[in-house]
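We just call them A, B, C, D, E and F in the order they show up, numbering each chain from 1.
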Amino acid sequence: MKLLLINPNTSPFVTDMVAAAARTVIAPDVELTAVTGTYGPPIVSGRSEDALAAVEAMRLALEHAPGHDAVVLAISFDSGLQALRERLDIPVVGMTEAAMLTAMAVADRFALITFGYHARGIYVELARRYGLDARMSTVLSLPQLSDEQIRDPARVFPALRNLIEEVVRKDQAEAIILSGAIFANICGDIAPLVSVPVLNGVREAVGIAQSLVRLNLKKPLSGSYRLPEPKPVKWPFDVIERAYQSPS
Amino acid sequence: MKLLLINPNTSPFVTDMVAAAARTVIAPDVELTAVTGTYGPPIVSGRSEDALAAVEAMRLALEHAPGHDAVVLAISFDSGLQALRERLDIPVVGMTEAAMLTAMAVADRFALITFGYHARGIYVELARRYGLDARMSTVLSLPQLSDEQIRDPARVFPALRNLIEEVVRKDQAEAIILSGAIFANICGDIAPLVSVPVLNGVREAVGIAQSLVRLNLKKPLSGSYRLPEPKPVKWPFDVIERAYQSPS
Amino acid sequence: MKLLLINPNTSPFVTDMVAAAARTVIAPDVELTAVTGTYGPPIVSGRSEDALAAVEAMRLALEHAPGHDAVVLAISFDSGLQALRERLDIPVVGMTEAAMLTAMAVADRFALITFGYHARGIYVELARRYGLDARMSTVLSLPQLSDEQIRDPARVFPALRNLIEEVVRKDQAEAIILSGAIFANICGDIAPLVSVPVLNGVREAVGIAQSLVRLNLKKPLSGSYRLPEPKPVKWPFDVIERAYQSPS
Amino acid sequence: MKLLLINPNTSPFVTDMVAAAARTVIAPDVELTAVTGTYGPPIVSGRSEDALAAVEAMRLALEHAPGHDAVVLAISFDSGLQALRERLDIPVVGMTEAAMLTAMAVADRFALITFGYHARGIYVELARRYGLDARMSTVLSLPQLSDEQIRDPARVFPALRNLIEEVVRKDQAEAIILSGAIFANICGDIAPLVSVPVLNGVREAVGIAQSLVRLNLKKPLSGSYRLPEPKPVKWPFDVIERAYQSPS
Amino acid sequence: MKLLLINPNTSPFVTDMVAAAARTVIAPDVELTAVTGTYGPPIVSGRSEDALAAVEAMRLALEHAPGHDAVVLAISFDSGLQALRERLDIPVVGMTEAAMLTAMAVADRFALITFGYHARGIYVELARRYGLDARMSTVLSLPQLSDEQIRDPARVFPALRNLIEEVVRKDQAEAIILSGAIFANICGDIAPLVSVPVLNGVREAVGIAQSLVRLNLKKPLSGSYRLPEPKPVKWPFDVIERAYQSPS
Amino acid sequence: MKLLLINPNTSPFVTDMVAAAARTVIAPDVELTAVTGTYGPPIVSGRSEDALAAVEAMRLALEHAPGHDAVVLAISFDSGLQALRERLDIPVVGMTEAAMLTAMAVADRFALITFGYHARGIYVELARRYGLDARMSTVLSLPQLSDEQIRDPARVFPALRNLIEEVVRKDQAEAIILSGAIFANICGDIAPLVSVPVLNGVREAVGIAQSLVRLNLKKPLSGSYRLPEPKPVKWPFDVIERAYQSPS
């Protein structure tokens, strides 16, 4: 089985982090390739960048997906998830969607923790869009990470630990989603410090992607995820123009 | 007051139709300019095209919004609505959002009617994303419109009338959203044929946009709709690259 | 276009305040007339007074609506909104409904702030009744206003500012509805002090009312908002008795 | 224990029917008095009449409640329920609220059946207002009852039986609320004809009212159901004016 | 009327407490018998014990229900409620279900208070399962009760009073469910100390059970609460094996 | 990795069917053992049998789980899922929960199809309990399977195919959950006949279980899924009594 991990952020060090995390949860018969965005912001952090990342994820997927069995979308807003799921004929899994679905299999309600105050509304909307808001107890923030913290997230552990135990005590959260691709490979380090499971999404998405590949479910022929009809589409990226000219 | 109507579809005849509809509901002190997409499909009809249209809407908005007081987004998936609302410092209103908000001010529950069976799931998700699903009784379809019907929507009136009265009788709908930019200027023609109000969204969005301009509400300085920080963003469209370099 | 603003409270100074606020957002071709209640409490503040205000609003509407194009109901419980919307053949907009619908066009979740602790449950119920509770983050209170504060609401600004920033930080609110007709014309004064849009409802209702008039949607002939059949109704107010005798 | 049954409809024969039904479910130590409305329509059937009935229910309650231990509100829109619950210091139970609460103690989801198509939206809104919509599978209608059927509801049994079995089969309803005060004493006659429990609300409200009296719960001193402060209220009904002058 | 109160906990002193509380709210023509569990934990406090208690409740019900008119299930997780409601042909009422249904007839939103932090998620899930989460403002905990406090719950009054007033102020709760069978007969003692009604569930369940007996609703012949078909079931408890051999 | 599949039904041929289906989706490094219930009904089909199956699942899990890395619960009501998840320190996945979570990763809304009309209410409640009802479009039934159909489910394909296409067309379902352990290994045979993915739950649960094992999330130390304290529990099954005597 071959998995393609797409990081539509344009920061290769983030891709390396998430790919390393992703590889800790693959079965012996699974290979994982990771690609990084070229267009868009280094680290996507708001609504308009989310829109850019969705198209960049499409570009990367159309370019690199052939020959793979599933795609893991490693960006915490799940940018472009619905687009890729329609456009490709292999499974596509988003990291925050995967974190939420997995959290519900180990806990009643989960809380989501992010960094910086402006992204909270995006996650609130995401949970509602997914119809999962009844299982999300709250969305909380710590201050925006500094550059130092982005490269060494362990610096934020003490504040994080306090916030987690507070949300467990006050908001009935039984699992924590620590959002952001850069936390992908340190959730395990936080686990011993707190009383509840801590998920990030990347590894969870890799788990669900493997499951979907083995299930070999039918690509929908009807509904909103069927492949679109060929049609003339003008776009600066050739790979996108070509994709619409013939059924993928 | 100057309104900018953005049609990120690349079909100028659609822009003409919606602009004509839009102009029927503007106050004497309002001017409306309409622009059409260059990139993307002629008529957006699915999830991946929605992602393209979001970025094309951004491109058009960044190019044309300066000098205007509000933007009306004339595409029935509200493609890019959240992105524009964050990125611009003037109000932005989506047509289906506006149709739903307005329907709730004249009826208890509304039904949405679309053409072709694959878009229904997108509207179901949109209503849930907006947190308005409790007020939407159902989403129904008539078959995909033929080219002839797209250019002369009155041909579909008999089938439409029957479907509307059925949904009124069976699903407790008290208002109908007839989705699709191309229906913008014929809702009035359908009205005498049926027993409930019929909305489309374009004219409703123009109404709400005018209201928002006169309200002159503060652009948020916090939360998910505040303006993003300047950051280096690579993108094929210059206007997008430039926008991220300095606060808009 | 002629708008009728109905204040079913019996305090003329409140009507003056809200009418002044309302007039700041009307188009050049719009006139606004305001009427004040005769029966009921000076300022409606609870559930049983809400029931009285609903009937008083009906009395005022039946008396004064003829010759107008829409009604704005300037009472923060939206007392009688459903009754008027059924009974009249012109659009009727409630101020809190309008505040909520408008808040959703500029922010993800809104919080509502009221004065005195007993009204919170009424707003919680109102949001649920409207099916908008998923977009309301919380309802908060400051202590009941003193008479001095009712006549000079700026005295409450420091406490209000602190509460707003707290709800923004803690409850992910991205817009604030400052409930109560008496705040209608000072929202603009609070705006510079806080980081998010502040709505009141009166001006928002005037905006939506103008939109509905220009849309010229059909009065429903079916459903719960169609005009009731003539029937014998005994009531102390002649205008109400007469209204039921013949179709309005 | 003394119960007061209030029928704010002005049709004494309806009061007789519901009082007879009510008396079939009272304990040996319970007496029930029934009063009929003087003002308002003979049989309330829409939104504006609901507003009138709410005030008429208040008038009747303030006049007749003294000396009773609880009030049962025998009108299927629960007109004035919240107002009475705040205004009186004894329990008040609405018939449709009681039907819903009771249905949930014998079945998973219930359907509500009404007569005439225009009231459906009112019940949809009522269930949402009560936060019980997840347990209501649907609201259905049979045509408006003729005068003959109002006086002899058994005539409608065949059509009703078919509708009930259809909603059981198609909408997963496990209990039926047959709405309308006039059905109060014939639910028992329908029961043998169908496969699920049939509730009406009047008898269920009498059951809950007895329970509340024996529970002797505290009248709230805070929140939206506490007694309002004395205040000057002008109203054509003396009993209402007097009530606001001093704490009840 | 004969009521059977089932306490599937194996602590007779708890049964005595709840039976005493239950008897304070029965009508003159009602007798109440109480039985205690033999199998399972002394006091059920978590998810796996809930599963055991459900079967123990079934065993007790099948053994003791014959000759009774309704069953009251006196365990705060409502363990086995759905099973008994299907299996018996008399009404069955759970204590927390009854507390929630009753709270909604006296207040808008209720909060639930429990002891020890691990049960909160169970109540959150219970409210969601019942479809009543929109009316539950929050679930809060005080620390696990000590043995001394279990036998003399008044010791916890000061902490409880503070928590109740805090949840009233902060979470818009208008009624409190003080969960746990052992609080059944002290809610009345707490009432004078706080500003809102305090419910426990046992007495409320006895009230609803009496109502259901007098209503004499039909045992469902279809849906998920109809009696199961006879079938061979092997089980260590004879009474359970026998029940499945012939229609109860 | 060693997975334990628990079928608390007492029909070994069902266990064989589901184990065969389960083995089609395991990674090369995974072994799967399956066990069948001894106590309870041959095939669980209602609410009281669900309660028995929950305890039988506990008995089987406590007996057989040691030495395994995760448990898959192969019964379509997910009987005992919450109990096992608390009681064991390895992941536990229910088949219908897994079907729902997986369906949401390939489609917007799913419909669930069952056999016989009485189980529908149980699935409606299950979706609500899981907080996933917004994503479930409906629950439908075909008539109860005959013995012949249970052993040769292909006989039901023509009726099933028609029902699936109808629910796709009418209820906006984009994926189908074909509920019932006996359908575990024929979903693949139905797939070519219909236009949407068909899930059953057993294979999906095996996929999620593998994912959870590789994720190695922390067993909660707080909340409703933490391990219960040792306590004296009397129960006919030794393995259950012993489990409560010392932390598992």
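Structural remarks
Convention: a residue touches a chain if its C-beta (ideal position, glycine included) is under 8 Å from a C-beta of that chain, and two chains touch if they have at least 3 such contacts.
If you're wondering where the values come from, they're calculated on a predicted model, not measured in any experiment.
Listed by label, the chains that touch subunit D and also subunit E are C, F. At the far end from subunit D, in terms of centres built from Cα atoms, lies A. At the interface between subunit B and subunit C, over half of the residue numbers appear on both sides, which makes the contact a same-residue one. Which listed pair repeats A-C comes down to matching contact pairs by residue number; over half match for A-E among D-E, B-C or A-E. Chain centres here are Cα averages; for subunit A and subunit B they lie 28 Å apart. Distance between subunit A and subunit D, defined via averaged C-alpha coordinates, is recorded as 50 Å.
As a whole-number value, the distance joining the C-alpha centres of subunit C and subunit E reads 42 Å. For subunit D, residues touching at least two other chains, in rising order: 85, 107-108, 117, 120-122, 125, 128, 131, 133-134, 172, 174, 222-225.
Chain-to-chain contact here is organised irregularly, matching neither a line nor a ring nor a star, and falling short of all pairs touching.
Pairs of chains that satisfy the touch definition comprise A-B, A-C, A-E, A-F, B-C, B-D, B-F, C-D, C-E, D-E, D-F, E-F. Looking at the complex, you find that subunit B touches subunit D at residues 107-109, 134, 169, 172, 174. Here subunit C touches subunit D in the complex through residues 10, 38-42, 45-52, 54-55, 58, 80, 82-87, 117-122, 125, 128-129, 131, 222-226, 228, 231-237, 240, 244, going by the rule given at the top.
Those residues of subunit B lying in contact with subunit C across their complex are 24-30, 85, 91, 93, 97-98, 101-102, 104-108, 130-135, 168, 172-175, 188, 191-192, 194-199, 203-204, 207-208, 210-212, 214-225. Across the complex, subunit E is touched by residues 117, 120-122, 124-125, 128, 133, 139 of subunit C.
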